[in-house]
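Common to both upcoming complexes is chain A, partnered first by chain B, then by chain C.
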Partner chain A sequence: MSALIEIENLSVTFRQRGREVRAVRDVSFSVAARESFGLVGESGSGKSTILRAICGMAPVSGGSIRIGGAPAATGRAFAARVQMVFQDPYSSLHPRRTVDATLAEPLAIHGRGDRDARVLAALGDVGLDASFRFRYPHQLSGGQRQRVAIARALMLEPEILLLDEPTSALDASVQAEALNLLSRLRVERGLTFLMVSHDLAVIDHMCDAVAVMRDGAVVERLDRATLADGGAQEPYTRQLLAASAYAAPV
Partner chain B sequence: MSLLEVEDLRVTFDTEAGPVEAVRGVSFSLDRERLAIVGESGSGKTMTGRALLRLIRPPGRISARRIAFDGVDMMAASERQVRALRGRRIAMVMQDPKFSLNPVMRVGDQLTEGLRRRDRMGARSAREKAAAMLEAVQIREPDRVMHAYPHELSGGMGQRVMIAMMLIPGPDLLIADEPTSALDVTVQAEVLAILDNLVRERGMGLIFISHDLRLVSRFCDRVLVMYKGRVVEELAAGRLEDARHPYTRGLMACLPRIGGDRGPLPVLERDEAWAR
Partner chain C sequence: MSGAQTKPFSRAWLLDPAPASRGQARLGQAYLGWLKLARNPLAVIGLAIVVALVAMAAAAPLLATHDPLAQSLQTRLLPPLSPGHWLGTDEFGRDIWSRLVYGARVTLYIVALVTVTAPVFGLLVGVVAGYFGGWVDTLLMRLTDIFLAFPRLILALAFVAALGPGIGNAVLAIALTAWPPYARVARAETLTVRGADYIAAVRLQGAGSGRILLSHVAPMCVPSVIVRVTLDMAGIILTAAGLGFLGLGAQPPLPEWGLMISSGRKFLFEQWWVATMPGLAIFIVSLGFNLLGDGLRDVLDPRSASK
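This part shows the complex of A and B:
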């Protein structure tokens, strides 16, 4: 059986004023259905660009992206299968739309009925009670906003969630709640995750395997066991590992 | 005598719904060391830093039994006296370069403004000094950066420019508010090494405001943990894992660990009594 997400020799090139920037260089990996795969790397390493390329939001200059064996497309059918949760819940929700309007929009676009029941169910799924339904984003905390963003991504019951640093704008205790929520939803709905983070501990907690990126290319691949045993070879990975540890006891 | 002594610092905002205390009775002293203030957003850590420079605007107000910096009574000092200390002897690196650098002024002009106006230095020597400081914060092409506007720099570069700007006058006390949270680990390590060097070699005092417990445990000497405007625990940074306060323990427990089990992360249960 082939994997649900197959990325083969993917390259993304941005052209700006005659200058070319190869943001992603020959990246290949695949994610099986119901698996969770992580991408780590510093800013500018191309990890978010891969997520954007999957959604058709970045100029692919080479290679292929296949979802469920077929070339990734854009448009409605694709949106119903693949959804994204963005990093910053302060900018990814429309400031002048209520939670209700935000959650109902995908239903309207895709002509799905039963609006009220679905919106209420979605709020319940992410642990928000019905009183949040007619609030605006500025009336929510960062953690509550990210729950709304997760609820919005799940409105169309997709198979795949692309998670772009979903908890890096959140406090530690709120991050824990959001990660628990994502883990629970993954099991309940059989979701497949492709998650980007700069925090190796978060990736380790959420993902079965991880690719470490630098300058647009994958420099190292690790599974959980190798990571836990200190099997990381790349100096950059080791730096990330050190950043997720406490001081050695004196 | 310590470099800085703070007793019973309070920051209050008068709102329509009555006074809100953002900082409630914080006391600590600082020598030429690296002191961390950690806590979640809203815990009052940034307000504490700003209050030390008397940078709280109305409707906020500061009160304290005592704030003494190198023998100077900061609460009794006139605005003029405080202004003479700000920048020159006490500097603060703000959190976000996007909002803290002047967007319509070239980096070089911002870096040399203080030298030229405060120290009446000539244009050329001011630029040389600024370029040297950019090199000290590991910026490889100081001339290019001096000519750039802030939007032309990455977050990490902007952060280093701000640190360079604050270090030019050679302050005795640096208050750094999340100075590395926008940086990648590689750049973060460089910036921390610069700060560390200043504490060791120049005997600067450093107040390092952060939400990252793991980072401060590696980098700082002492940690104050704040919750709702109060210091709930103070301990040696290297002994953070021996923390006793349930808030500190809760904060540490809810962070995922490499190789940890993948069950649900413990969620922080807050207790009203901690804030009392």
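This part shows the complex of A and C:
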């Protein structure tokens, strides 16, 4: 079994009041276990929609999504394998629940015991000390919130983490910290990442391979070496590279 | 951790940004809310009135100077400030002050029963309609519209007429007519919340609809509903009094304020105090709930609290 995530000819079509928008058109790619795969493109290119489609939150109109050989589903068994970190840590944590309640919830849903120890361990894993445990989200900074969101995604010990621009809402220094945290956790736990970003510098830092998307379709696929050598073929990819070179002169 | 050094239940302990336990975090939040409420003098007055009502109902046997039901035809229709009857007596010689004090119990009973039925039912209907959308939403909301389309008192009258007069049936009738606004409020709140990432996150964790609705969506709607309830409380008391006045709510000789006004109506010009005293009581309590509701809106509104 080589590929953990297999996406074949995936199409997503949003229908509203008779209008149809094809957000994703015939996209195919696969991600091997323990690989980190990036989806990059401008906003509206359908990259986040693919993540949502994997989680059953977008209307799939064609193609297939397979996780470990089985079609993607929803429900508890799927939740224990695939988790997601959302883009905006300000809206992804319940404003009226403490960090403790947020982290203990997945354990309660799955009927797993020993919650106190697990919550404390999870906080430690993302570099937050125990004093954060009973805080409310409004008592945390953006970076701390995203750490909590990452901890929550890891509570069920999934194999696959879907990252929807996990750092774009954070400022530059916090961004680097969060990315290093994610890289460390991936190595420690043998996670498979599917990461969406519009920032090629972030993708370059995090991913082994990348698919460039535009208007809902994959324009080009590159591996890390090619990306580093500037071996991109498509003019659109070159344009994107040039744009992010100005933004992040590394 | 600063939580270890500060004395439990002290101000610093409550305002500790890094609470050491679930209870401390919850109390800290409550204390912050209280500080916010205390900054609004009108809300504090409202709260004082409501607390006074509760205290009055609890301590009725101590506060009352007479048996609220004891009749004495020698001392009927005494004016206020008469010896032994500082608010006067009614047409059967019953002490008005004592009847008001015991009437607080009836009022509180009505208020309590309505608040545990109508808002809960309305919240449930609204949250389910808003979350599931589609035909569930259409069905539930059209039903809500039908109830909303009737004038409240008329509908309550119809229910009481069908169920028979009595305080229990009056409460039931009020609750049956009071839930639609809560359903509307809860549905509106649910619509803004259901697409949020934190709801998507619990769904991704494999949570069932029941868990999502009860422990994630409903808590976001509760503050608006609570505010709405306190603002409606005046209306509920008035409707109960209105039913009592029309003889469809509390039955004599129960000291219910609306009923007292109704019986005082016959002497309104000569013995004005018989109807005026319970009228003032209704006015003050309604005002208290309204002021408290206004203050609570500032404290509980999720938008103002999320900063």
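Note that in this section the second predicted complex is superposed on the first by the 244 of 250 C-alpha atoms of A that agree within 3 Å, B and C clash if a C-alpha of one lies under 4 Å from a C-alpha of the other, contacts with A are read in each partner's own complex, and residues count from 1 in each chain.
Following the convention adopted for this analysis, a contact is a pair of C-beta atoms (placed from the backbone, for glycine too) under 8 Å apart; a residue touches a chain by one contact, two chains touch by 3 or more.
If you're wondering where the values come from, they're calculated on a predicted model, not measured in any experiment.
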First (chain B), second (chain C), both or neither touched by A:Arg34: neither
Which of chain B and chain C A:Arg112 touches, first, second, both or neither: neither
Touching partner for A:Leu179 - first (chain B), second (chain C), both, neither: first
First, second, both or neither for A:Arg81, with chain B first and chain C second: neither
First (chain B), second (chain C), both or neither touched by A:Arg96: second
Shared chain A contacts, counted only where both chain B and chain C touch the same residue: none
In the complex, chain A residues that touch chain B: 42-44, 142, 171-177, 179-180, 183-184, 198, 200-202, 204-206, 224, 227-228, 236, 239-250
Chain C residues touching chain A - in the complex, by the definition given at the top: 1-3, 17-22, 24-25, 29, 196-198, 200-207, 211, 216, 219-220, 302, 305-307
In the complex, chain B residues that touch chain A: 40-41, 154-156, 184-189, 211, 213-215, 217-218, 237-241, 250-251, 254-260, 262, 264-268
Interface residues, chain A side, partner chain C - complex: 55, 57, 74-80, 82-84, 86-88, 91-96, 98, 100, 105-106, 109-110, 130-132, 134-136, 138-139, 149, 152, 155-156
